[in-house]
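One chain, chain A, links the two complexes that follow: it is found with chain B in the first and with chain C in the second.
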Partner chain A sequence: MSDARTSHSTPTRLRSLLTGDAWINFGLQIGALILAFLLTSCILLVAGAPPFEAYKQVFLGAVGSVTSFSNVLVAWVPLLLAAAGVLVTFAAGLWNIGVEGQIVLGAVLTTWVLRLLQDTAISPVVIILLAILAGVVGGALWAVLAGVLKTFGGVNEIFGGLGLNFVATALTLWLIFGPWKRPGIGSMSGTEPFPERLGLPTMAGLRVSPWSLGLGILAVILVFVLLERTYFGLRLKAVGKNTRAAFLLGVPTWQYGLLAFLFCGGLAGLAGAIQVTSVYHRLIPAISSGYGFMGLMIGMLIAYRAIWVAPVALFFAALNIGSIQLPIVLKLDSTLSGVLQGALVLFVLLVEGARQRYMRRVRMRIAAPTTLEAPLSASGET
Partner chain B sequence: MPISRFRRVLLCGTFAALILTVALLAAACGSTPEESTTSTTIAPSTTSTSTAATESTTTTAGQTSQEFVFGMLFVGPYNDHGWSQAHYEAGTYVESKLPGAKMIYVDKANTSDRPGTTPDQLAEDLVNQGAQMIFFTSDDMKDGAYAFARNHPNIPVVFASGDGAWKDGKDYQNLPNLSDVMGKMEYGKMIAGVAAALTTQTGKIGYLGPLINDETRRLAASVYLGAKYAWTELLKKNPADLKFTVNWIGFWFNIPGVTSDPTQVADNFYNQGFDVVVSGIDTTEALVEAGRLSEAGKKVWAIPYDYVGALDEAPTVALGVPYFNWGPAYLQYVTAAREGQWSSFWQWLAPDWTDINNPDTSIVGFKKGEGLSADASAKVDDFTKALAGGLNLWTGPLNLQDGAPYLKDGEVATDQQIWYLPQLLQGMEGQSVSE
Partner chain C sequence: MEVQLLDIRKHFGPIKANDGISLSVPAGTIQGILGENGAGKSTLMKILSGFQPADNGSILLDGREVAMKSPADALRLGVGMLHQDPLDFPAMRVADNLLIGAPGGIRLHRSQLRASLAEHARSVGLALDLKADVSSLTVSERQQVELMRLLWLGARVLILDEPTTGISAAQKAELFSTLRRLAERGKTVIFVSHKLEEIQELCTRVAVLKQGRLVGEATPPYSVRQLVNMIFEREVTPGARAACAPGGPILKLSSLAVERGRIRLEGLDLEVRETETIGLAGMEGSGQSLLLKACAGLLPPVEGRVTMLGQELAGKPYHYFKRNGVAYVPAARLEEGLIAGLTLTDHFLLTQRKPGFFIDREKGRSIAQERIAEFNIRGTPSNTAESLSGGNQQRALLAIMKPEAKLMLLEHPTRGLDIESVIYVWRKLKERCNAGGAIIFSSSDLDELLRYSDRILVFFAGRVSTPLDADSTSVEELGRLIGGGSV
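Our next item is the complex of A and B:
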């Protein structure tokens, strides 16, 4: 790397390598992936378990059979929705920590509509549609609440979101143990399951529903197009990068922030609705299954680039489902998948941080002899 | 721009391919140790085979035909000193008694500990690992157990504590591969109630309840019936001076942020003058808390539940433990499944009255603790003998909590009346259903 100082003959190429070239970024991210695996392997070794055997079990547990892969897809859909959602708020420079609660509220409203209409003569298709729609609205409203608190109340969206997460959980617990309790029962186990006709139809013999799968994929495409292909997305990113500049250029900034919340909350609410109509068929305290926080992790991991949502979410879902083999076969705790996921995010962020620091230093060194070219390098990808 | 986008797509693909390669590599590298692990895990059962049978019978062919893998799902940790551990030890009991039988399990099978999963999905994971029959060992898995039994009609399913296979029950499912088993813990709980009433000095007994359903109501009521009997018949005290309060935490064990904290609930009992707390939850918080307070000089006792080893948590303040001994029953179920003799049936098994603590015959037992005085201990023994002799405390007149008649004078409760007890009994304080 000391070449940077000595060989002035190829500064442009070097710079593009260090700052803009995607292959370097790619290499660094693979490095982070390897580091994450190394760390997890060390933990496995400390726990007295063979790492390769553990990875193999996780892998087979995720894709070893059609059933297990379909279970991965079941987890993939809400993850997709949550991750795609937070990308929109990330683009607007907002940390929507409240996504977890937005999933919960989506689930609550879906359950509410199903409960209201389950004994009526309305066709199940209409009931399910209305219930899912209610879930979307519930999530969106809960998100907008966080947005309003930020815009008009001056409450940072991180704190607002956290608070609303707690409120959403408390509401769920109250409903499950109180007004929506199973007859004669008082249990945090969950509400009475809905009849099969009120669930999204699944593929034969499997748990995954083509409808929820379609909705998840559609949502990702929508977010990708919105962020990468539309004027709206461009403005949203402008707000995220520099609110003041965007405002001066005529972008209605707080409105855009609220819209981002609305959009993200809607997707999170949809995730909650799918958890109720296609996974649990009732409301349970852990209805969000932590997918909101995992979605945030994915958002950070992929540095907010929408094209990566689908594969990375699939990877996370596979880890979640596959890791259940660990306690069965190796008597290991399955939270190990969480360790790997966390380590992955951490190392990617670390490597990215190190790269940016290094870049800045190199840029400053190069900037001295060729001042004119310097600003150009800043426009490289980050 | 289009080039960079193209690159990104390309990168995405490469990334996915790389993950796949890494995983495949891992799989390839791991294949050799896998064989060695399976053989080592089989090893213990092989040794037990050789002790039971002659050396020559342990040929490879004989072994494979003999091996029978049963899968178990525990709602809590396998070592919770309570409900789940009792089932886990039953699994090891079957392994030790039935050569070739091998247990695989998933513990903490609940949506808080394993988010995104369902019991039927976890059971399928066990089947993928070779399980030939599945034990769902918690009421919390009811819907999952039924769904699994329905979707896998060829796999024998045991649902512990359930009534789905009870033809005369209210929740009969008509699933030919589903069987239920439950112990008549009412007896163990009545003995616990006697021990509690004989020990309390304040006349206030607290019941640390899990969630509210038919099972937990009838078990709490059993403790009360035992306590009332000891209070009025053995101690000849005024029934009005006995206070029996039930506090429910909302689930079988503590889920932080979701249920009430059982340690807190037990602590509240002790601080309000309840000197004996009888636990109805899966874990041992009440006993641990009693031990802690006793060390601080308070005269308090506790009665844990479910698992015979629970007393070890704080032996000196434990009056005893009503416990499940699922092993013999599970041995019967696994043997039936292995021999292809499976049929759907429901069993509500009484203790073996010749010796309720016989590990090979009695599904329900009561192990006395160090905290029980010599006098009380003798009275507990007498009471157990009286139960064996036919004493039935589920005899009228008994009213429900709201005063509605439950059993007329002299009327003996039927199995249905006990199993589906709709409310707590008159004289008990606490919620009968959630509000």
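Our next item is the complex of A and C:
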């Protein structure tokens, strides 16, 4: 992964967009896309479904009507937030697998504040603001926990994050079936829905809220500016690329690691808060819907270049929403979108890996000793 | 094996790293390659050893044109290279891989392989403990392991890119005699260095590169003046030793003890004053870097005091030292000093004082341009650290040092610099010194130590000598002390 991260920062990439190199890269990415579709088609054929028809259904399901497209936008927002968040941790060289749990914690804290204040006389606007703020804080704290485990406990953030994800899910289930259960009996359908006044206002007749859309887009812009235009972002990258040198150059490295977690967790928490206040209007067991992991996939897919977050997240959202139709129309499972997304990430990484390997042979070896394996070990076999 | 390079070209964007170089090296010779920093030496060597392809040109081995797509390819054809940065080639893994990844299988063959390796080592005159843990080897030993590996895998052309920068005089003598022996047996040795005396001592012929072109060749007897003239196209003379007039105290060490691994330094007392330069001499790994790290706040002392401008700093964190005017420049350029993947501008921005929140790219660029000019770095603000030549990385390392630092702690500050750059960089450093700073530096170059230090501490097996007056010490005496002789 470190290879992909060291490849290009966005400005150099924009500049090199005119050179031949960039065209080759672009061609390779398209190739990966085609391969992903081919693999998915094979799987469809094995499953006995006509691939073309399936893709058509996905397409229509995503953009066939205003309603369906607005649903795509609904799914787009948490993806934007999660992907933007993980870019910050990726920049610092951290694998924030815990982003999923951070979304959950955001949702939990938002629900908590809403429950606490829903019967008071406080104005709904204030309640919503406080609830969303609580969500942000919840996600951030959950992320910092993973960071603290790493920094002071020596627990790799991948394992810490995984563990915290489990804890977060368990916590939600416990709340839904325990203290926050519906009057009567707790059920998988979640907590008692909040009154409509405690939800973010939506566009007329649709499920998408302009407020959450605005927040999602704002987050992406914020992260872009942060990473590309501020000293904070530069220091994060320095830490991510070479922690030891960054430390010697005067960057307080572990503090920046924690800040990256804090920031990413805050955005994930915001995603959770939006799921509660503008999508489900309650806490449900699967409140994060896998958006955290998808955010990570998007991060890898775009090789950590913030400028690509929005379009790729939109594509992923469209696949998700579009494939909802499949079980009804083609008797296929809607996880098809997941297959395609996964295949896409794999192929893009594969192609990138192959390109790097090739370039490494071609160009000067720039990698640190730990990431070097190919050329010299290969020669050991002669 | 005879090596012929024909019209080799390699461009990196606008930079012509190799601009049509043709060179032929007969079998059994030790060919020296000279040239200023960024002249294209490493690039040419990497092309010859398959690490990167040329844009144009051909390589002939024993008159037969060959295509090398990878270092493994090159090695199959008989060309092996020892890289410039000892940290850059994974000698440890190589030695492991040699045994583990060798054809034939696992356990059983290990002992056979060992035996065959040992046999081979003896036959080329390298005394290696094959059972030693590779991570414990010194730079010089790793070099030998790598050299061994290359020979064992059938290298008949050996390329050494600045192999002498991290090793002692005795180790160097050993390396040279090995190389001579190999050449006598018909191997071709290509030896890149900035040190003319090494070229004089070792090489049977020498080629000089400048700005990607071959500008001259020479055979013994060499005249230093002639070589210098070919490299720089002008005379280069080091300035006279300037006596310093020490000002107030900057750093005071009192009964300091530091420890790391097997090395422990004890009872260190030293006072460093404004404008002073202290040189640390000794074999690699005798404790010089421990002292530098202790002064930088990277290694908390076991006991004793580190007083900087009257303030007690021992036990404080590194960044506190840094804020109080201490600058530390590590030897491992790409491991600890520079950040691969970040541009020169990024580096200067990172080290700016009072930076604010938003980056002003334009300002960053102009600062970068200024420092690039000041330190004469061959590169542009948008060059990434790893795309600079070795010597230019070293200059970048010194250029990002805070200008306002009072105490400069430098590990091998001129490692890999050409003669002219050494003089130039030292002039810059001395300027900072004379403006009220002080320098403590380590070096394996005795001339450098004597020329630029005011006082010298000699390290031997964890013991530190009393400070010697550089003015009244000779190279011979210093060499004797480094080898363990008494004052």
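Everything that follows uses one rule, which is that the second predicted complex is superposed on the first by the 343 of 382 C-alpha atoms of A that agree within 3 Å, B and C clash if a C-alpha of one lies under 4 Å from a C-alpha of the other, contacts with A are read in each partner's own complex, and residues count from 1 in each chain.
In this text, contacts are C-beta pairs under 8 Å (C-beta built on N, C-alpha and C of every residue); 3 or more make two chains touch, one makes a residue touch a chain.
Please read all numbers here as calculations on a predicted model, not as lab measurements.
Student: Classify the contacts of A:181 with the two partner chains as first (chain B alone), second (chain C alone), both, or neither.
Tutor: Touch partner of A:181: chain B, not chain C.
Student: Once the structures are superposed on A, label A:334 by its partner contacts, choosing first (chain B), second (chain C), both or neither.
Tutor: In the superposed model, A:334 contacts chain B only, not chain C.
Student: Taking the superposition on A as described, I'd like to know which of chain B and chain C A:356 touches: first, second, both or neither.
Tutor: The answer is neither, since A:356 touches no partner chain.
Student: Give the label of whichever partner, chain B or chain C, reaches more residues of chain A.
Tutor: Per-residue touch count on chain A favours B.
Student: Let me test your reading of the model: by the given contact rule, A:59 touches which partner, first (chain B), second (chain C), both or neither?
Tutor: First partner only, chain B.
Student: Touching A:255 in the superposition: chain B (first), chain C (second), both, neither?
Tutor: neither
Student: Just to be sure I read the superposition right, which of the two partners does A:123 touch: chain B = first, chain C = second, or both, or neither?
Tutor: Once the two structures are laid over each other on A, A:123 reaches no partner at all.
Student: Touch test for A:311: chain B only (first), chain C only (second), both, or neither?
Tutor: Once the two structures are laid over each other on A, A:311 reaches chain B alone.
Student: Could you tell me which stretches of chain A are touched by chain B in one complex and by chain C in the other?
Tutor: Touching chain B in the first complex and chain C in the second, residues 381 of chain A appear in both lists.
Student: Which of the residues in chain A end up touching chain B in this complex?
Tutor: Per the stated touch rule, the residues are 22, 26, 29-30, 33, 37, 50, 52-53, 55-57, 59-61, 64-65, 67-68, 71, 74-75, 169, 173, 177-178, 181, 184-190, 193, 205, 207, 279-280, 284-286, 289-291, 305, 307-308, 311, 315, 320-321, 324-325, 327-330, 334, 381.
Student: Give every residue of chain B touching chain A within the complex, in rising order.
Tutor: Residues 4, 7-9, 11-12, 14-16, 18-19, 22-24, 26-27, 29-31, 33-34, 37, 104-108, 111-112, 114-118, 121-122, 124-126, 128-129, 140, 143, 151, 211-214, 248, 250-251, 255, 257-259, 422, 431, 433-435 of chain B touch chain A in their complex.
Student: Can you tell me which positions in chain C touch chain A when the two form their complex?
Tutor: It comes out as residues 46, 51-53, 69-72, 75-76, 87-90, 93-94, 97-98, 101-103, 153-154, 318-319, 322, 328, 330, 334-343, 346-347, 349-352, 355-359, 382, 386-387, 400.
Student: If we count contacts the way the header does, which residues on chain A are in touch with chain C in the complex?
Tutor: Within the complex, chain A contacts chain C at residues 5-6, 12, 229-232, 234-235, 237-238, 241-242, 244-252, 361-369, 372-373, 375-382.
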